[in-house]
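Have a look at these structures, which come just after this line.
Here come two complexes built around chain A, the first alongside chain B, the second alongside chain C.
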Partner chain A sequence: MADEKDQGLHSPFRRKLLMGMAALPAMTMLPRTSFAQAPATAAVNTTGLAVTDTEVTVGILHSITGTMAISETGSVQAEKLAIEQINASGGVLGRKIKFIQEDGASDWPNFAEKAKKLLVNDKCAAVMGCWTSASRKAVLPVFEQYNGMLYYPTFYEGLEQSKNVIYTGQEATQQIIAGLDWVNKTKGAKSFYLLGSDYIWPRTSNKIARKHIEGHLQGCKVVGEEYFPLGHTQFNSVINKIKLTKPDVIYAIIVGGSNVAFYKQLKAAGIDLSKQTLLTISVTEDEIDGIGGENIAGAYACMKYFQSLDNPNNKAFVAAFKKMWGEKTVIGDVTQAAYLGPWLWKLTVEKAGSFDIDKVAAASPGVEFKGAPEGYVRVHENHHLWSKTRVGKAKLDGQYELVYETADLVEPDPFPKGYQ
Partner chain B sequence: MESPRFLSRSDVIGLAALALLLVVILPLSLDVFRLNLVAKYLTYAFVALGLVLCWGFGGILSLGQGVFFGLGGYGMAMYLKLEASSVENTKIQSTPGIPDFMDWNQITQLPLFWQPFHSLTLTILAILIIPAFFAYLVGAAMFKRRVGGVYFAIITQAIAAILTILIIGQQGYTGGINGITDLRTLKGWDIRPDHAKVVLYFVEVAFLFGCILLALFVRHSKLGRILVAMREKEDRVRFSGYSVANFKIFAFCLAAMFAAIGGAMFTLNVGFMSPSFVGIVPSIEMVIYTAVGGRLSIFGAIYGTLLVNFAKTSLSESFPQLWLFGLGALFIAVVLIFPNGLAGIWRDHVQPLIDRMINKRKSGSDHHNGKSFGPIADGAPAE
Partner chain C sequence: MFGDYSIGDLGAIFAMQGFAGLILFSVYVLMALGLAIIFGQMGVINMAHGEFMILGAYVTWMTSNAFQTYLPALFPGYFFVAMILAFLASGALGMLVEWGLIRHLNRRPLDTLLATWGLSLILQQAYRSIFGAREVGVELPQWMLGSKQITDTIEVPINGIFVMCLTFLITAAVAYVMYKSRWGRQVRAVVQNRVMAGAVGINTEKVDRYTFGLGCGIAGVAGSAFTMIGSTGPTSGQLYIVDTFLVVVFGGAASLFGTIASAFSISQAQSTMEFFMSGSMAKVLTLLAIVAILMMRPQGLFALKVRK
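So, the complex of A and B:
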């Protein structure tokens, strides 16, 4: 009896028929508008992307295992939240977003392999992903070769611009120059000690910082510059040098787990961050979670977003994020930038009236997102974002308190003249 | 039999089966994307093959094969990068005509050691000779002083760590942790499109068969027998008048050369090279491929590499959150239950079954020893 029934179900034709019939009542439930607006698939997808009459597929490509998982998890969460919100508000061109998630596993070639899979096999209309520069460099040729669209969330060193990438984080000059001007003006800082982890982002950023300090700030100088391997945990010798040179500002671009050791050792060495100015561009609320608010309170960070920003967009975003991922989660700069990716893509697709990569790339410049938690953002011709730069002061509870923001949006300049 | 003397009948069958799989079945059944993945996996098979020679036969466990893989890969990457960095392609830089990462690091002139990599001939020579020469230096320093076993493994691991740190630290000259990326053409021939990937796959398979034949030749030669004898009882070989160190150095150099060829093919197939293939973790992974395949078996190593990498890819695609646990379980299962790897399973379970079937048909008329992996594979290693 049961066997007969099963066999019937296993007949592929019959199963399809049944499924189709089951879907009929569901179709009437869909909001009318989504059908009224949805243009024909053939018109909005001329290059064979994974777009159907009701669905469009995008990829999420971050490390959820390995050393970078701790940083990239926030981005994944933000992207999923944005996709859910977009779907709840009617989708993109009347189509629901379906995502395929792949694990980059903190392994750069693996990123390239998975990117290729998302583009070639899954025909994703867009991919939200990557975090480190190394992973972006690994996937960039893949996106250019197979003509995909990547939304990249991290603040990074610049020196790159691609038709196939939208950079939703800040490039180096946006993050650095306003912060240095601020610390020079309000703290009267004249001498700077530059620190960084040893790879391209901190090195390029410090190069820009040095050029700005020596070339554009009156009477300012760099008194030291040092780099440490990723994962380095012994900062005592450099802390001693800092004590000897007594710089007005410690400018720190140390990334990942090294931060925990660095700030603890600073405190243990008696450097009081309420008296010694420290400006960082690499510690978001996510990192403070590991460092501990009591070890970093008093330090300044310069980026474009803090969880504590007081505006209606951000309040709604933080509430929705916590509702989806738990009260205890914190939201850092990159997480917010990752949240922009799906939204910017949706707005761009609707502006272009098409999912085609070439049209989306061409329509990107000028796209505005007024609902961004950081406030208004706009896409520049160079595929980076116009956004404000902000300085926050770390508090004991692990949050930043906004102390300064630029009056206007700062223009992205990935190939800064005079800073290279 | 017509086959050359160094090939036993089971070798010929093994070669034919592998050729059937790599030349016919996989290219016909997989799309270009998956075939390119297989090409990537097979680059590790070169390393695994070298490890069978020096670890399985010679008993020299190297945990630093990533060094040679990396040297070969970087050699090829340097050539391709120079070709991609023509003045015209890099006119946006402050110094056009040098690789982009050098420009980012304020280097204004191509360093001297990059110069030879303008020439493809010199590059190929460098890929074959530099890793082998480096292995010779390491081997000579170690084996002549009778350093072996665990100490040798530790030292190779240290070398892998040193080279990674060197590459990451000297980012102006090496591309640092990002590696050398955005490689485009080989002598003007674009390596990125699908048809190029297919061509590269077959070239790689051809090289792999060349290396397998060489490995089989070594195994059946007097040299191979001395290697095994050394593994079992080094002192007796020494007392018999053989220079143990020289044989070990040779096996180590050959393994290094195989790894370097794999590395160069990796760069061509994947399109970039980075320090994450040089360090300790990838080196150990390569040993695991060999162990899963069966370190005493030349063919086993290749199947082991393919199996582990297939598992890695498919597990991570299906279970992005849990795949590492699955992979870990696979390794533990293999080591616990099948210490001789895939080759052991074949020899102990599948081969006897086939033999029985054949023997039933023509009882005794065509007697052969029924040992799939030759005399060397059969002796359980004494350790």
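So, the complex of A and C:
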């Protein structure tokens, strides 16, 4: 399979080899103590994980074939980049990260099987993986039974918390509430039309959105709420309904191929997104690639990361990402969250001074990552991340322009009271 | 729900809604036509139909890129070139598949079902390896975007009008080929009695190959047209396949007219119900109605009467 991914791997690898060779003469001059920095394996690994004096093995578990490959490709790329950077900067507790990649193949039972393989056969010290909630729910019992550590990158519906999972994406309330407040305040929006694909994440998210609109925003109402089967491609009828009800805001949580159909048909039906406010939480730069910037320009997205964020961390991250995976690749919210996984794990292991799962899980709350492309993140007691929520406006070139960000980090609240 | 609106508003919405139903009808006919030809004339259930459509979509994408790079002046008209290329590419692949796969499974409908399903998986992975796992965005010329203002309040999407015209042309062409041309007579003769058709000098193998090629070619054109309204990715073909089969089976497999009638009834039911309830519920009710009707009429709406 002559994939873009494979081609991309070769050159950095070669570069690394060359760098390594260039460093050889220098290494002979180093004092011997620099080799002794790494703590003894017996001390940092008491539960038989795949840790040697020089290496530690982690797993990458995403779909690189099947329907979800569209979305998960970016996460795999980000995780590989993070691992390469960590290795280049000295590894974790003096050990290089070696990764074993398994393909979930967009099939949830298969995810569970591969997760078991990574934990039981390969004894991975951590696994970066999963994308859909369905795949996470499938692997969760495996991680809890065999005591593994999963770093999960996607923004999701919440209502979950596990000792064995670190959620590096936002849970629903983080993503929804700040965005609704913003659109209410700056656009004076009073009426909302909620749309979504028909599965748990859009339904739960819209439920939270409805509670917030009706309960917390003065004089606001929901004028319509609709769901479409995954893969739905005909939106003309609902677009007519939107024209009839004239909502101030279309709140869209449509995913996958349906997204492309929805925005193309919205544009074709003459709904001008520069006049009609549309707020989405499901379209990242990745999706815009397929939708086409001209079809979605003017829409607002509410999430925690945009490729265009103007800070030094992000500039370096975007440059490194493009250098590794090609000038044309784009980076969406989830890709960035996936990039946090290996780094957070490294920081946690070094805080705990051990690779042991229990110690890593216990040390996780309070771990801060100051080099995050989104700015700064900190792990909460509930294993989710404190992060800022941002609103971006889609531009013709497929990038978002930041129009608003919360002043402070938003607390993750996977079991929101009054919103269920 | 209509309390707050003026009569004029409602009239405009119903006009647009009627138009939405017609667009959906055209989309369904365009999707199903290729499959109906192959299924109806050859008895082959082509599970890879969606992938042939997506081949057409990728050809459109490549043509669009080529025009932007080499012939930017002619970009507004590229879509017509793309559709012809899509027809040729999907048709050629179809003929190759017929030659390499389908003809060896003659008269074994279940085996062709399995074989073409396997083919669809192979094609999906091939697209993924060649074009990448991410969706590609097909850029359209300006004149195809947006909507046409008919009155102050009634707007119809231009791409909808385009799909309707295209569907009409292709259906007319297929009907002419099937019912008026010499080749169409041969195809119908092979359907009715393969052995006798062979005995009177019709090259049945060749007829099969071109029939399959034509069906796949039309799928390619459909895929090309759908870049205006849907996504182009390795697995996008799967989005259409269920609706396509629904239309063909409901219409009665062997009848072109049945396909059109079934596309019309399904699309009208779907778009009317979608207006009054949520999209998921509309789909459920449509499917239930189809199941009920098929239980009473297993042969579909219009069945070809042949002596068995």
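We take it that the second predicted complex is superposed on the first by the 386 of 420 C-alpha atoms of A that agree within 3 Å, B and C clash if a C-alpha of one lies under 4 Å from a C-alpha of the other, contacts with A are read in each partner's own complex, and residues count from 1 in each chain.
Methods note: a contact is a pair of C-beta atoms (placed from the backbone, for glycine too) under 8 Å apart; a residue touches a chain by one contact, two chains touch by 3 or more.
Predicted model, so just to flag it, every value in this text is computed and none were measured.
Superposition of the two structures on chain A shows chain C fitting alongside chain B with no clash. Look at A:Ala361: by the touch rule set out above, it reaches neither chain B nor chain C. In the superposed pair of complexes, A:Asp198 makes contact with chain B and with chain C alike. Taking chain A as the reference, the larger set of touched residues comes from C, when chain B and chain C are compared.
Contacts of A:Leu347 after superposition on the shared chain: neither chain B nor chain C is touched. When the two complexes are overlaid on their common chain A, residue A:Ala138 makes contact with chain B while staying clear of chain C.
Within the superposed three-chain model, A:Val255 lies out of touch with both chain B and chain C [touch as defined at top]. Of the two partner chains placed by superposition, chain B and chain C are both touched by A:Ile64. In the superposition on chain A, contact of A:Gly231 is made with chain C only, not with chain B.
Looking at the shared chain after the overlay, A:Asn121 reaches chain B, while chain C stays out of its contact range. Fitting both structures onto chain A leaves chain B and chain C with a minimum C-alpha separation of 6 Å.
Put simply, chain A uses residues 64-65, 198, 229 to touch chain B in one complex and chain C in the other.
Within the complex, the chain A residues that touch chain B are 64-65, 101-103, 105, 107-110, 112-114, 116-117, 120-121, 133-134, 137-138, 140-142, 145, 157, 159, 198-200, 203-204, 207, 229-230, 415, 420. Chain contact summary for the complex, chain C toward chain A: residues 5, 9, 13, 16-17, 19-20, 23-24, 27, 125, 128-129, 132-139, 145-147, 149, 155, 157-160, 226, 228-236, 238-240, 270-271, 274-275, 278-280, 282-283. The part of chain A that touches chain C in the complex is made up of residues 1-4, 64-67, 69-70, 73, 198, 225-229, 231-234, 236-241, 243-244, 256-261, 264-265, 267-270, 286-294, 398. Interface residues of chain B, counted against chain A in their complex, comprise 31-33, 36-37, 40, 92, 94, 100-101, 103-106, 165, 168-169, 171, 176-179, 181-183, 192-193, 270-272, 274, 276-277, 313, 316-317, 320-321, 323-324.
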